[in-house]
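Shown next, in structure tokens, is the structure this report addresses.
Chains here go by letter, A, B, C and D, matching the order in which they are written, and residues are numbered from 1 within each.
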């Protein structure tokens, strides 16, 4: 979006559905994304905030679901999402050892916005996801501060950078440079158009497995290289899905499970050491915190038509992973470790 | 195995791991598979039985797990598998509307083998999976009998047919002919060799989505054809996984979840109307029904090495789906409906 | 209801909420219950059918959920309930080894009612629950036939018998006679009145644990008796909940989980060998099988008020269990085994 | 333990099994508990740490499971517990809005102990549970610091205080004073003796519902009082279970689910607004972080005997809740709010 060259700009079109205007999660009306990036030698990390809408999220919650693809991860807040079917804060992404700080900052942010919390109403459920950026980042240093988290929330806007930014700063994907990527799809039903967007924090996979639009690019890269020290996967991926389809939390969970499709098509075998977690929300049905009515009225999608949304998720997640890689520049960090950008191998997948 | 030409025989090699001797689920020592096939005009259906070992399965249970990829399905027995972590009967596969008959027959079979059931010990948990073969089969006729189920169990052997046989007789896959397929992989750890095998009953997918080893063969087929009436997916897939790796039921469940990888790589978007269910078992740790000891000793795999098994599942399931298609002959059934064999399109994926 | 003396008639009032008119699951408008009872020496078993409404349940499905308290059970149909959030058949209860027959009969019944199934629309998901009545019944004989299942459906009405009838004929509860019991509660919110009803098939527990309204009646009974051979629990309980509260399937699941409260207060420790399963449905929001609209409108309860429903479930289930016992007469069956009616011990819990 | 008068000291004996020596979670060999208590006018809160054993928990993990009874809670770490079946840190309990700080402190503690984390091995999964103490505590102030968390870990010992201490300082139970309570049971099998212990952080329930050993004490208390303003439950309970039984994580989960039994018998209806979460571990089977062997040998309990453990959990949790109340003194905090000690009502439940 921000003048970065994305995977489509190299002629790679994933799937058959139309994209939204930005081809990003922020094509869903009201969704915004903000980053704070820390890059200074051994410190290669950051924070990314995803805001479901521009209002007070605690007072006007959005229907939400989570899905654990592989649970070697520390994402916070999913117990309550599963029980109650909504989120009530922005979603914060950061490195694994900074989730405590992120949660603390997010709670503080919510307290500032909502003076009833802890006085005349209950508490708040902070939602924080993470990946392990220890390869490039001094993760033990816990360099993320509460102020960084606040700033990521404040920075949020509809257009945002991808690649080695925000929480993606220190991440690796298929042993190349990973990070933040996004994509969207339009779902056209009987004259109505809905939007589904994905944002990923990519940090998983072995180089030899990378597939780009059906082509085994990873194996081709390895053929080019002299020595490939074997690594064990210690990665993760966070997938955030947003949509304006009117859904229940059960329907959202079904949609979330299709994130696998996109991941697997880029080559993932869903390794043991990877925390692969999906958090999804619909902006269409909202829950008022101080609702007084006995019942509320919802529009709910006819499930006979949900296949279109399933297809949209697979495509958007696949493209978001590729965008997270192609927009990320080669990065060197902790202990001189370095991850090469996929940009270096463009000729391998653009030649037919 | 039975002189059928399989996907490898056309030069398609899925993944990088070695296969077992038969490249089938029965490479896992003791596992046997039996079919009964009904084929007579409108009746295109059958039964497939998978036996975890050659002994009394009720008295010597095997560690097991199940995993629901998409639950638009009627598989029986999973509540108890999840609670207790074992199976105690053969696994029966048949068409959706015959699961009652299959369960009844399986219970009867177990009663014959175990005179203590219902007298001096409790009951038995029949495990029955299904797919919907209504496109080719007169499924309303409920043509499967208890005798067919018994015969499938009795017929079981290490070498077995694939394709349009047994429960696979009436199934469709990517709108081509589907059915029974199998494959296996060897897992070599520190000088020890373990085997993981998959058997699928394939009955899912739209033609346009079929991918063979990264190649969009389905789209190519559609280009060849004149009219392609749109169908809504009403299919399913059953995946049975067997291994001699010593696993807990939790580890088996993790392995089962990687069946997705194989399915997605053949092109599945995991449609709404598809009942996609995995049942897996390990023959290495067994539970004696009449165990008297207070504690028993188990060997359990070091989970740091489980990634090899994950990779094996993805590869074996992908190959099993392709085997189920390539071995199945073109079949015509109910109402003159017909499914073409993938064999008709060999040139599309064998030319480089 | 049918002139049987129930637990309230002995002065035992469970909880504080008002009951419905019949104090039964059929207080929820449209819900009906039918039994077929087999009682002939060694044969002490039967079938109970619960109908969510009087129309075509396949074409007009009801929102539903299931919850496994302990999964040593063989209930069928829950995979699809969980995935799609509805039921589309009556619920059939019978003995453990007759579930195949019951499923087969239920499928046949649905095919008769719906000629589109398997032709122009997909299949149907039969919901069958069970308990193990082997203590009193020749369960190995599989004496339930398809005709019995059909008859139970046809027999259904708003007023029905409790105790040693239908599927409850051979069941034991706290080593006394158990079977079918029911109760209901009214939920009054802001001038609107909703109803929640429970029906149980009780077949669990050890005598020493029985508690009636806080009083350890079981221990008192054991003190009266000369010898009490130790038994290991091989029982189960099925709990069916119905309500006209407008709920999503997630909310129904939350409500279902409170069935535990009622069970535990009658003394259950939720034994290993017990299959304790809840199936619940709401008649308020219905899903039309052939819905064409893109979205449908639902009324959904404001979850801030759901605590009243939670309380109602605990009370109704506790009372339903006690009703299942107090209405069941002393019964002798297989091998001369006998279960005494709780009626024999009335003085122990009616004296203050 | 620490010279506090507990519920047994008032003549209330819960259940029939023997208790361990201390009748506390620390009867399980190696388990220790530490508190830091903050009490200064509006600040009524604290931290409690539970240590599974005295060694390096990251390097020598213990088999673990979690179970969500009601998920209106923010407990961290359960995704990884469920996936991998172990815990690798002490368990920290504190107030809801301090979980971020607690996680951050716990990560820091683990980094100090394990210099490989984030360098040559992966990250660490902090386990933090919480309840909402806003009624008595200025929870918005986030008064818990990293130093408090560290100190609670350092303070841990086998004998520990119960009641209004540590994380329990500001908690309410049945609208009386709640907090930390513990109890244990011995499980005697074939000459071997195992121990199961429970620790609760109690913060749930309405006064009218309190039951003590079958007696409706809460209703009796309300009869004594003049006005009882209605409150909506905004509480929670954390239940920590420890045992030296050799169990798999699946067996531990089954055991964890029986915590309900104890809660329900004290009167809980498991309210909507309550985060009721169980975390359990077995000290008998341990996982070495740097295990090199391909397989490891486990002793696993014969599940036919697991009922004794189920009974032990129900009894220990019921008694732990009562201990948390009877040991807690009347406490006044935020805004002059006050919770009365159960000690004030001793005569209601000690008179027969």
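Rule of thumb we're sticking to: a residue touches a chain if its C-beta (ideal position, glycine included) is under 8 Å from a C-beta of that chain, and two chains touch if they have at least 3 such contacts.
Here the structure is a predicted model, which is why all the values come from computation and not from measurement.
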Partner chains shared by chain A and chain B (touch criterion as defined above): C, D
Least hop count linking chain B to chain D through chains in contact: 1
Most remote chain, CA-based centroid, reference being chain A: C
Averaged-CA centre spacing for the pair chain D and chain A, given as whole angstrom: 34
Centre-of-Cα separation between chain C and chain A, whole angstrom: 44
Interchain centroid distance [CA atoms averaged], chain C/chain D, Å: 34
Contacts with 2+ other chains: residues of chain D: 70, 83-84, 254, 273, 303-304
Residues of chain A touching chain B in the complex: 69-70, 211, 214-216, 232-233, 254, 257-258, 260-261, 264-265, 268-273, 303-304, 306-307, 310-311, 314
Parts of chain A lying in touch with chain D, wherever the complex brings them together: 68, 70-80, 82-84, 96-97, 99-108, 111, 117-119, 122-126, 132, 134, 138-140, 142, 234, 273, 275, 277
Chain D-facing residues of chain B, complex: 83-85, 189-190, 192, 246, 248-250, 254, 287, 291-305
